[in-house]
Amino acid sequence: MHTGRRYTPLEFAIWTRKDILWMLILSTIPTILYVLGCKFLALPWQPIAIVGTAVAFLVGFKNNASYNRIWEARQIYGSIINDSRSFAYTLRDNAGGKNAIAVKRIFYRHFAWLTALRFQLREPRTWENQTTERFAEFRKNHYSVPEANSKMEDELKAYLSEDELEYILSKKNKATQLTAIQSEELGRMKAAGEINDFQWNLLQQSIIKLTDDQGRAERIKNFPYPRNFASITTYLLFIFILLAPFGLLKEMEKLGDGSFLEGYTIWLTIPFATIVTWAFHTLDTVGESSVNPFEGSANDVPITQISRMIEIDMRDMLDESSLPAPISPKNNIVL
Amino acid sequence: MHTGRRYTPLEFAIWTRKDILWMLILSTIPTILYVLGCKFLALPWQPIAIVGTAVAFLVGFKNNASYNRIWEARQIYGSIINDSRSFAYTLRDNAGGKNAIAVKRIFYRHFAWLTALRFQLREPRTWENQTTERFAEFRKNHYSVPEANSKMEDELKAYLSEDELEYILSKKNKATQLTAIQSEELGRMKAAGEINDFQWNLLQQSIIKLTDDQGRAERIKNFPYPRNFASITTYLLFIFILLAPFGLLKEMEKLGDGSFLEGYTIWLTIPFATIVTWAFHTLDTVGESSVNPFEGSANDVPITQISRMIEIDMRDMLDESSLPAPISPKNNIVL
Amino acid sequence: MHTGRRYTPLEFAIWTRKDILWMLILSTIPTILYVLGCKFLALPWQPIAIVGTAVAFLVGFKNNASYNRIWEARQIYGSIINDSRSFAYTLRDNAGGKNAIAVKRIFYRHFAWLTALRFQLREPRTWENQTTERFAEFRKNHYSVPEANSKMEDELKAYLSEDELEYILSKKNKATQLTAIQSEELGRMKAAGEINDFQWNLLQQSIIKLTDDQGRAERIKNFPYPRNFASITTYLLFIFILLAPFGLLKEMEKLGDGSFLEGYTIWLTIPFATIVTWAFHTLDTVGESSVNPFEGSANDVPITQISRMIEIDMRDMLDESSLPAPISPKNNIVL
Amino acid sequence: MHTGRRYTPLEFAIWTRKDILWMLILSTIPTILYVLGCKFLALPWQPIAIVGTAVAFLVGFKNNASYNRIWEARQIYGSIINDSRSFAYTLRDNAGGKNAIAVKRIFYRHFAWLTALRFQLREPRTWENQTTERFAEFRKNHYSVPEANSKMEDELKAYLSEDELEYILSKKNKATQLTAIQSEELGRMKAAGEINDFQWNLLQQSIIKLTDDQGRAERIKNFPYPRNFASITTYLLFIFILLAPFGLLKEMEKLGDGSFLEGYTIWLTIPFATIVTWAFHTLDTVGESSVNPFEGSANDVPITQISRMIEIDMRDMLDESSLPAPISPKNNIVL
Amino acid sequence: MHTGRRYTPLEFAIWTRKDILWMLILSTIPTILYVLGCKFLALPWQPIAIVGTAVAFLVGFKNNASYNRIWEARQIYGSIINDSRSFAYTLRDNAGGKNAIAVKRIFYRHFAWLTALRFQLREPRTWENQTTERFAEFRKNHYSVPEANSKMEDELKAYLSEDELEYILSKKNKATQLTAIQSEELGRMKAAGEINDFQWNLLQQSIIKLTDDQGRAERIKNFPYPRNFASITTYLLFIFILLAPFGLLKEMEKLGDGSFLEGYTIWLTIPFATIVTWAFHTLDTVGESSVNPFEGSANDVPITQISRMIEIDMRDMLDESSLPAPISPKNNIVL
């Protein structure tokens, strides 16, 4: 998540510098051909405009979906915050209080679940953008992904007993099986009379809500913006970018009519067409950079920060003395 | 579900090659007539543009509905994942643990339910597209539908006792009656004192949630995008495609004025009109290819893969040693 | 609900034949006046286009609302399916099993509720379209409304005891009071010890959900698309249809300039204006035909079919031998 | 709520007659100045069209919000219907049946709550429109607001004991405190053993749902469409209405070129500009007339009628013999 | 929240006076250069219009998100009202009645929670606007932020015992830990037999709902409108504002052709371009002023007023005699 007021114009320019180059080339070729005499290249603007309208709709539609995906992702982690807090205090106040060993064990297993979940969500998928040059370069210069700098196994050690760690590492979906252990322990506590049926019921419902949260996050992770929609957007945008400079030739040539620049204004097609096509292309790129909210991009939902924050709040509930520090943005970016 | 970055341009071109041919023909006829002297065919562009705007709205509206349908379908299967997981660990930890026979029987009956449901959802409907040539051809060359390659009866054998299998096969809605058997067994367990009232209550609520999930999936399956909306979209799109080439004639003829191509640029109407009308038509086709998310298309929600994944997670909860393999994409497509 | 691929062009043409005639007349009058010398009638197209854009927005907005209404209506009946199923198996497995008399009585009273509800939902309202000639004619030729062919009293006889039938027929809102009797019987069973507090609680919650479903369906039935929005759409559409032919006159006259048709192309205004205005008008009519999803139109949510389907599933749960047949589409239409 | 097919054209014309006059004046002034020689007033249409597009977006956005507000308001009262019904039969069948005094007392206190709520929702707010001349005049000629014709105190007398009435009238938020008394009585009944813990739990949850419904209705009442959005819509619409006639001058003058009306067609600017600007302005006015769904306008959610309907259904549950009559529309309007 | 009918034109003019100046400058420069002979600066309008359409989409998209954020924020505080009321009467009627000490202590701790929450939500964030000159100036002249005029510690004193106050002030997230104390006290009451399991269950669920409400408010506070979307909106808007005056030059010059103003009308570009670009820019600024609904702007959700209102209603439930006064708007603004 970017936490400043906005990305700087320079960041945008660098980030899209290859696109700018391409737009320049695609604007220059028809201009030169026109100047060399291929006057028939000057396509009428209006039918291009209607393709432009269709592209604007498509890009808008994708940006809308992209926004909804990142916003829903944040809502899900918001639910994780809420469900963690209420699970925590309900457990604490019904299973022995701040100093009970079982309470502490379940709290720390919850931190393990948060850790496993964020590692699982930050694994790469084939449709994600983080391996593309554009994003890799920006990442290198501005921030790093915590889940790429350490191993899940190492971080889990801090939260789980050795046996449980080994058991969990042998499992397919580690976060799911961690919740299953929570359920098992609640069952054990009820059987042992440490909590009664009512308390068990409410606590079991709490971990069911956490399972829902996990599944909703995995859904966004594992189901990309449908590739048929993504493909048609890419190709229509390409057609529009290809056609737009042709549609500007005649108008730009006429600009200088009667002035001392007569015959030279045609060259203004190049910067002007570049600006127009760049605007549309960058709009699409911006949408693309939010569409996978757990891929490790600078626009990601800050799940590492949120997980830490939950850990702080829950340990604070136990009146622990040495709380970990919250994670702060670096270069205005926090993950 | 397509799991790559996008469909290739070649795939798109092959997939829409008949449309391209039609657009070419519809662009060529008015051009030839115009060249032969029917100058009055050059309709003004602006009123056509306003029909184009109405069509853009309609196609956009349908694509939006289509996206919402596939996204909701994925949400429903996301709920099935979540509700299966929490049903599984709650049952395991309250009805005897990992080795209890009843737990295992209910788990496997749940796999039977997943199987029956995906077979029911992949049955054809009259309004679906998978029998059309376009989709059938693509399917033949790229992927196959698991539910078309085997029989529900055969797959259910692995999960149900012989008696139960026979009983279920005699029923109308097999998935519904499988859930009813789960309810029956929970009732029996409560009557036998294997679970108490609280545990029964939570488990019964779990299967009620699974019934809701099933019903929501069936709703999308059985209620198509309303055919009055679908029809008007098709017909207005057809009118626009028919009119658009006429609206370009005059502008395209003027292109060559004063150049050595004077009189020849009119022929550019053909490729140009083809591109514009193809763009609109393909946009509609792309929406149509997601609107029925359980029809066995390459864009389907991958319900076979998800069902397998649930089976793996649940058997992993029982610490079974030989888990089935997850289903991986072939040619970037997974169902 | 129309269950085919689409309405045929012929059905559309017949369905809108009066509109086509009106559009022809409204296009012909200004054309003739123009030919007769009233050249000043040739209004500029651009301001008309901006009214057209406003109309496109309004019609689109209404179609969107219309789609949402029919989709929500289907969701509600989807909930009725789900809540019926889970109510049914929970009752069966906790109140005596498949052969218990009370279970069967409550099942059949539920069928009575489904019947009363669909009759109530298919009663006419002042703002509905089914009495208009356009819809009445289509209905006569293609399908019939089951609730118009029989009486609620007669159908209820199959499900209720004589006393209960008489009691219910004396009530204002029959569906509501049927649910109230279900509640009364659940209360009686709990008092008699046939179900315990936990079972009562879950079953009572089930009928509360059914009450919610009924109320949501009645809300869509009783609250039309707000008439202020409906009115402004009608009037602006009328203004646009009135103005559009005037805006085309000059352009159409110029078409023939310099060709042998000079002076004759003005007559092309008539078919061309008819097509453009028909497109907008039919778009509105299509939206209007889905906006009241329980009025007995060909696009209705098929509540008779769904009610029958629920009855089949529930009787199948009791292992009844002679199940009623599902309702199939006739002429591609099912209600 | 208007219950007819639509407002008549005459009603619209009268309702907006002052606007029509203003539009006429604003169209006439530039026309006269232009005729008098200020040819430079003929602004180009295209930049005005882009302002028009922005205005269309803004007005559309507001109409969308307005529609959502009235639709949500109706949903809330739909919930009140549902929650009242299920509260009613659950209470009746678990607290003594149709003739129990406590049941009747709670039923009538619920009617008091419905009454207090509708009076509170129909109190005026500073941002509402009902004091403006346009709305006041329409109201005077077509309908009256029941809550303006009687006093809350008088109507509550029919439902509450004298002590309770006095207590409630001394409270700030009467509807809230009426629900609190329901909670108090449920607590008393549980303490007295008239209902057990399970019954108390379900009934208490019912009144909690009613509290939610009340709060949601109050939210729409107390939080207007944000005034910054409302203000910018008003001002941009004003700018567009001001500029539009200037943009039409040149085109309208050209209409008569070469005909016997040369020089006279400029006067057509007046009716034509009036129609275009009136269309936009009325669109905004229509949205404004639904944006506050509890202000006593002809488009209000009919909360008086709904409250009466709930009272009828609940008294019918007690088999009362003399039910009050439902409220019917007068002049097609029901509140 | 602004509670009047609208912001006055003067308030808008003053609020955007710097923007107006900038628009004037950006319109004047190309006009002067054009007059000085740089005729080639007269860019064609149509490609600028298509950038304008893209900008209109983007600004519309952001305003939509902005509206949704403030509306959701109000919904959250609506839930806080509802959940506070039902928590309050359920507690009162199940834990000793109006005069019980524990009831009063929990009520006042709830007021402390409301207080801590509103102070936390009004803390500044790096992306918020309240430090910018435009907003600071408006605030200085019209209203003040209650949370800036007093200290959380001081206000909490009125609601908490000294020990609890000290404990809470030592915690990271004070609102969260206040709810945790409520949970602790409910646990204590149940252990002491003051409430039974059923009552504990319902009350614990109430505070879980309040935890959800808090988390949802914090989500909106801590997750800004994504900065990549915000950035591209700003930059494309800037490009449009820069280009628009160039696109108007030629048309404006032609205005005076043949009249006595020939050669002078070019100067009309300045006011006209200023109006058009100001309209777009102000639209964006209006959206920006609602996008952070807890930043202390004049458009904020009035959380101080709402918190006070909850306190009044709850103390009224205890029949307290000296209720605090509600907070009224000053200069039409209430926070």
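Chains: A, B, C, D and E, in written order; residue numbering restarts at 1 for each.
Everything that follows uses one rule, which is that a residue touches a chain if its C-beta (ideal position, glycine included) is under 8 Å from a C-beta of that chain, and two chains touch if they have at least 3 such contacts.
Because the structure is a prediction, the values reported are computed rather than measured.
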(request) Based on which chains touch which, give the shortest step count from chain B to chain C. (result) 1
(message) So if I look at the partners of chain A and the partners of chain D, which chains show up in both lists?
(response) E
(message) Distance between chain B and chain E based on Cα centroids, please, to the nearest Å.
(response) 40
(message) Please tell me the distance, in whole Å, between the geometric centres of chain C and chain D computed from their C-alpha atoms.
(response) 25
(message) For chain C, give me the residues that contact two or more of the other chains.
(response) 53, 197-198, 201
(request) Considering only which chains touch which, label the overall pattern as line, ring, star, complete or other. (result) ring
(message) By the touch definition, the chains form a closed loop. What is the full order round it when you set off from chain A toward chain E?
(response) A, E, D, C, B
(message) Help me check something: in the complex, which residues belonging to chain D touch chain C?
(response) 1-7, 9, 12, 45, 49, 52-53, 56, 60, 63-64, 67, 70, 74-75, 78-79, 81-82, 85-86, 88-90, 92-94, 196-198, 201-202, 244, 247-248, 251-252, 255-256, 258-261, 264-265, 268, 272-273, 275-276, 279-280, 282-283, 286, 289-290, 299, 301, 312-313, 316-317, 323, 332
(request) Spell out the part of chain A that touches chain B in their complex, as residue ranges. (result) 37-40, 42-44, 46-47, 50-51, 53-54, 57-58, 61, 65, 125-127, 171-173, 176-177, 179-180, 183-184, 186-187, 197-198, 200-201, 204-205, 207-208, 211-212, 214-216, 218-219, 223-224, 226-232, 234-236, 239, 243
